[in-house]
Amino acid sequence: MSEGAREWLVPDGFLPEESSGSQESHEAICVLNTSGEEARLRISFYFEEREPIKDVEVVVPPERTRHIRTESLGGAEIPRGVPYAMRVESSVPIVVQCSRMDTTQAALSLMTTMAYPVER
Amino acid sequence: MSEGAREWLVPDGFLPEESSGSQESHEAICVLNTSGEEARLRISFYFEEREPIKDVEVVVPPERTRHIRTESLGGAEIPRGVPYAMRVESSVPIVVQCSRMDTTQAALSLMTTMAYPVER
Amino acid sequence: MSEGAREWLVPDGFLPEESSGSQESHEAICVLNTSGEEARLRISFYFEEREPIKDVEVVVPPERTRHIRTESLGGAEIPRGVPYAMRVESSVPIVVQCSRMDTTQAALSLMTTMAYPVER
Amino acid sequence: MSEGAREWLVPDGFLPEESSGSQESHEAICVLNTSGEEARLRISFYFEEREPIKDVEVVVPPERTRHIRTESLGGAEIPRGVPYAMRVESSVPIVVQCSRMDTTQAALSLMTTMAYPVER
């Protein structure tokens, strides 16, 4: 069974600097691995005015989801308050969705989109 | 007439634990069946740290939509406050969109995305 | 020049019954016609427990966008407070995105998604 | 390496007239260029009742993202408070996502979607 794609791109990444209320502003790369094998991910981050951070490693076990928060990725320090973008590569086909919670002002907002699957 | 796909995936599922105001926090799998036949769905739920719940059955009549709330699915008890993901399989081609309302704080937020159609 | 598809589907339609503040709760079918020809649309609405409303006619001029609010479509009375879904068919290829503003509680929320292009 | 598409369309553009709190209402065309070459963009804007504004030029360097706010594009004056739509053409394959922040009322809302890739 092969469900999804091995590479996904997300142009709109942003970690708000502020939060209010009970929920912290954050962004999550949500991955679904429906296969029977471990998915070994390499995640790269692109910026407007600096070199990319490449190949941060994350593992998603077989038949599991992981909602990976970008502010706490070991091996990558994503700055808050600046635009970034993401590439997710995987050893097996997966599906990737990216969501942001912004609580800068006193009421949360959410946004989400399926990532863009690269055909290859 | 065959419109849509027989299998759809959604990586970002989450049922907020709290609600405020007149609207309850919830998530809905929205299905459109434009065909002249009944769509027999099997919905599976994936988690981060437990085995999947597989093949919950739902029916969508011909030329009808159903907005299926995930907290009240007979045969599946989706826990609130933990990440999950969804797979929807159907006996006929359908289209699937997934939307969340989060009213944890005192003002609602909505997010939505078309699900990912698996090519097969 | 042929940009987009001739048929699009959106499973999650909903017109909130209430509004607050300066902005009315509404939903819009946003169409872009980049061609040099008029796009003659036929829009159908599907429900959970009643027959569809089919083939409401709308025109989008060449090289124009139209953001069509679903509560004010001549020829269709979409009830508020019940789930519905949409099909958009066009005489020329177009692109369709669907967005909702919900101001039931005292702070607006927005959601949007590209519609699903049917391959035919 | 060729990732994405050379042309993208977004039907739902709108710059809210008002803002509140610390965050200004705005819309951003978010571009990711993972290639080793400069991406030379031409962005066109479509309206409901006037001629399009065509071919505004923007550059995205190799291995960079740019989150292009539509209210401050040199060469284009996008009016606030009216519907518009966007076409993005690029000299190399890119990925485009479009996001809006609306702070008309006293609590922000966000929405986002991947743009529609034209196959050609």
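As written, the chain order gives the labels A, B, C and D, with residue 1 at the start of each chain.
Keep in mind that, in the parts below, a contact is a pair of C-beta atoms (placed from the backbone, for glycine too) under 8 Å apart; a residue touches a chain by one contact, two chains touch by 3 or more.
Everything numeric in this text was worked out from a predicted model, so none of it was measured.
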Can you tell me the C-alpha superposition angle of chain A onto chain B, nearest 5°? 90
Specify, for the interface formed by the sequence copies chain C and chain D, whether it is same or different in terms of residue numbers shared by both sides, with half as the dividing line. different
What whole-number Å value describes the gap between the mean CA coordinates of chain C and chain D? 21
Calculate how many whole Å lie between the centre of chain A and the centre of chain C, each centre taken as the average of the chain's C-alpha atoms. 30
Do you know which chain C residues sit against two or more other chains? 106-107, 109-114
Which of the residues in chain C end up touching chain D in this complex? 3-4, 21-23, 28, 30-32, 34, 63-67, 95-97, 99, 103, 106-114, 117
Show which residues of chain D lie in contact with chain C when the two form their complex. 7, 9-14, 46-49, 51-52, 83-85, 87, 100, 102, 104-107, 109-116, 118
